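Below you'll find the structures, each written out as structure tokens.
Note that chain A is present in both complexes that follow, paired respectively with chain B and with chain C.
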Partner chain A sequence: MLFKLGSLFMKPGAKLAMLAFAVVFPFLASNEYQVYVMASAFVWAIAVYGLNIITGYCGQLNLAHGGFFAIGAYTLGLLTADAGWSFWPAFIAALVVTAVLGFLVGIVSLRLKEHYFAIFTLCVGFIIYLLIDKWEELTHGPIGVRDIAAPYGFGVVDFTETTPFYYLVLAFLVFAIWFMGRLSRSLLGRTFIAIRNGDELAQSLGINLMRNKVLAFVLSTTYAGMAGALYAGMVRFIGPEEANIIHTFDMITYLLVGGIGTLTGPLLGTVGIVWITQSLQFLEEYRMIIFGPLLVILVIFFPRGITGQFLTWMHHKAQSIAPAKKRKESKVVTTQRREVENNA
Partner chain B sequence: MLKVEHLTKMFGGLAAVNDVSVEFEAGKINAIIGPNGAGKSTFFNLISGMHQPTSGRILLDGEDVTRMPSDQVARLGVGRTFQTTNLFEQATVVDNLIVGHRLRTQSGLWDVLINSKRLQREEKAARDKAMEALDFVGLTHVAGQFIADITQEERKRVAFALALATDPKIVLLDEPAAGVNPEETEGFAALMRKMVDNGLTVCLIEHKMDMIMSLADKIMVLDHGEKIAEGTPEQVRNNPVVIEAYLGGEDDAAA
Partner chain C sequence: MNLFFQQIINGLTLGSIYGLVALGLTLVYGILHVPNFAHGALYMVGAFMSYFFMVDLGVHYWIAMAGSAAVVAVLAILCERLVFHPLRHSPPIHDKIAAIGILLFLEAVVQMFWGSDFRRLSSPFTGIMNFDGLIIPEQRLLIIVAAFVLVFVLQMFLRKTMTGATIIAMAQSREGAFLVGIDANRVAMMTFAISGALAAIAATLYAPINLVYPAMGHLVIMKAFVIIILGGMGSIPGAIVGGMIIGFAEAFGGFYISTAYKDIIAFGLLVLILSARPQGLFAKGAH
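The block that comes next holds the complex of A and B.
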């Protein structure tokens, strides 16, 4: 009981502490490059949150996620650099384009189940890469897109600088996590989880599979589009490599390490791995010798990632403390009190 | 209540269910028995809309539900359990059950975004329903435990509760007592009687003959997709065709 109450108080506290750390990070960082790395980690984290909706909550392994990230980036890039739009209209357009394309890809690909869906979306991701690489009239092909606009600044705030952009990304990340939290606790989030548990069971509970899967898919591609657009606004130069399948697998790794189907997992996984990668930079490609076994161990022993393991541990701790507390208090327990305990 | 007319399901050239007509009365326990591969589960899948029949009609309270998708059939009041139920292992029992009432709610994406009154009201209703179903199957004491930490028998009861949370009129139970010991089997029989006493119609597939014979009001026997007998336990027990199907075939009927 006490432990449960304690964890309740701890939870918002932990969130606030994380937010406070993120806010003061640019002042703690020893150079601008670190702020840049953190900002890009946040951008990827937003995309990973999107992947978490369709793959973590709804259980459909979407391998086109990196492709939608690139579509978001290219929509913003081409509209600002070639069509002369300013950042925010192009940003909205990027969200709309990835949502609409997500809907179209979703209604076709989600007719397939499990690994067939994964293979199909793998192909979709590769087609997106090929389109960006070969359709030179539109995308400039391998040359890429230059001179992408950053958002207009105000007062002393200039978004072409790293630190202001860091705070912009942070704001979007907070919104992304806030919405995810609300979604995952809602009936809609529970509907997605029911689909993950099994198509047939979900249908027997009166859940329309196609409608809910498409909704989850569109949400996830919109998240990817948002991340992609922010990425384009931050680096301001993009190429076909943004659609490389390797980014999708990176995001899956972040998700698995942090905790698939959890709320803080995508953030922990992304920020953690991005910084480990940074600090192992001196090993170059040999860093995979460390990463590979680490990932294998994690998947074997902690299949739900760091956050999943932590939540399970917390739950068992609470469960084992609750009966002990009950026994202690049994002398003075009144009916009313027991009710309170049951509701806790 | 549930009326099936000349129902046939072909898988390629094989008739999994062949010209079966039967009527299940409201407020009764109806059992479907038959050797393995007789088409019992296919029959359930046809009624619940999981499979579309090749021909024939299915009427629920007079309404034609033959070609309806399964989620719509569920909304009309057909609940079901499966031989195995995959649940979210690292979530509590009650958290797993809340979604059972989802089909009676309306909230969509917009309600989530603005955290609407409707969403709050519906979430409370769904949670109350989950607790009510849990109370019905006698599992209130494990409400806060993870699915991974409860026993096999409790899992089966949770599957019952999940079907009950959908507010069904009829529940289709696929081998509810498979893999549980005799004492627990008696517990499930009592639970099914309780469901009928509360106005539900029960329809079950089962291999445990002792249980069926003492529990069912009506038994339908399937063999090779065809209905070979129908009637009270007494009638079915003494039917020579049934005895032939069970003892004469190669299938292990008493499994």
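The block that comes next holds the complex of A and C.
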């Protein structure tokens, strides 16, 4: 049901308007810094789309996502700065490394359910952070990696400049969203949702839980790796702090504010919050005083975020009586599910 | 040989602290059926409250500890009332995210008031005992003794009193507890209060040999999670045994293998154990 509504919201017109705005944004921006902020918001949005696959669609709270982002960034950084690779081969390598590591972590961690999985991935994220911080021979430890290569341009396009890089990131973002859209409408995406809604039921329908969850996990870590590699190419200097758990929490906030398990949610949430934090500079350090309670209020009152709320509102407009009944039913279902779980 | 005993003392100290924190976490898990990610923040607030009472108000260590336990207990009750209670019918992922929200909020508030500097909490127990070459700082001895006393008292409370029995009953079966007329709200608030107080006491005990800073809860809470997974979620003896396992593994691993990587040991252990036994070490069946 969500996706019929999703496509309603994502009418070609709305999609094109958003894309057009993104394309002309560098000309509307008053200075280069704004373009830079937007580009970094897009990079984070790609990572949040990855988190949306495993957490939003598949229902597994992955707390190692920031760790995989850092692995992508470090793979690119170390290959270009220390091994002398150029950007694009290193970029491909970053995708491969995060996918392979995601597969390895996935086959171990996805045997665990619910909070066991969340705690396990929390530990994995922390191990990644500690390894980056302590394994100085490989990662330079707390000093970080400098002199990371930027992607080489062609003709007059020079990706070390902000605006060309912005378009590069935009292209990747469009690709990421397009892929997500295809995924969410495919049988595979519906399989993920079936797993989220109840894995025993999904299994009884003949869905191979492990294979699908691992696939979702690998896709999500690859997204994180792609975002991390782009991030490294953009800032050209990275340190162990990229693997800090706080980035994972940031991404969860973006996802939840935008709308978990929706197609436009990650983009709206990320771009919105990044700009709010940017415009209220004093928030930078204490942003969590606002975003912490915001997370709580959102999960209590608007668990599906901006997009979810908008969809509900559209749905209300479309049919005025039916949805209320439907929502009541779904509420009863979740209550029962919770009780079943508590009894288990 | 003395070095070996020294590590045993270190392991006992660490194990006691981890055990106390994990105990609170496991009690709340019994009621909430969701791991409370905000527990580490309660631990951190506990340390800062003691610091505030001792440095700014100049009260004695024990009074500071009691005051901090009371404040954090109230804070934990507030979390239950304002956040977890309204979420009791939501899917478990919402509780987890809400708990992360509380964690981020408390850390930011503490950082606003005290900054992110490292602080020292002094303790009246600075002496060192020397048993024929085996050196035991008084504070470490205090930690070990206090942990054993607390666990004993808690065990008595849960087993021998009616109020304590309601907590056990609720953890065993929610519906069964309702059937015999147990007030779920009261039990939930009480459990949160106990868990908060335990975290504050553990933080106050450990702070004098460690430092006080806003991110101090991160490592401890993650290790407490490792412990309750090892010990079986919701199991009280499991939390204590698991705490000791991690404490000893860290003390010996840090000494004999590598100090730099000693924090990885707990997590590496968890990854190894869960890879072999997805349901944890002591859990009876797969969940």
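Keep this in mind: the second predicted complex is superposed on the first by the 295 of 344 C-alpha atoms of A that agree within 3 Å, B and C clash if a C-alpha of one lies under 4 Å from a C-alpha of the other, contacts with A are read in each partner's own complex, and residues count from 1 in each chain.
Basically, a contact is a pair of C-beta atoms (placed from the backbone, for glycine too) under 8 Å apart; a residue touches a chain by one contact, two chains touch by 3 or more.
The structure displayed is predicted, hence computed values, not measured ones.
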Which partner reaches more residues of chain A (counting touched residues only), chain B or chain C: C
Which of chain B and chain C A:Val124 touches, first, second, both or neither: second
Partner chain(s) touched by A:Ile207 [first = chain B, second = chain C, both, neither]: first
Partner chain in contact with A:Leu104 - chain B first, chain C second, else both or neither: neither
Contacts of A:Gly198 with chain B and chain C, given as first, second, both or neither: first
First (chain B), second (chain C), both or neither touched by A:Leu188: first
First, second, both or neither for A:Leu16, with chain B first and chain C second: neither
First, second, both or neither for A:Ile143, with chain B first and chain C second: neither
Chain A-touching residues of chain C, taken from the complex the two chains share: 33-35, 82-83, 86-94, 96-98, 100-109, 111-112, 173-175, 218, 222, 225-226, 229, 233, 260-261, 263-264, 267-268, 270-271, 274-275, 278, 280, 287
Touch list for chain B against partner chain A, complex: 48-50, 69-72, 74-75, 79-80, 82, 85-88, 90-92, 95, 98-100, 102-103, 105, 107-109, 111-113, 115, 119, 122-123, 126, 144-146, 149, 162-163, 166
Contacting residues of chain A [partner chain C, same complex]: 55, 59, 61, 108-109, 111-116, 118-120, 122-124, 126-127, 130-131, 134, 245, 249, 252, 256, 285-289, 291-296, 299-300, 303, 331, 334-335, 337-339, 341-344
Contact set on chain A toward chain B in their complex: 179, 182-183, 186-191, 193-194, 196-198, 200-201, 203-209, 215, 219, 304, 308, 311-312, 315, 319
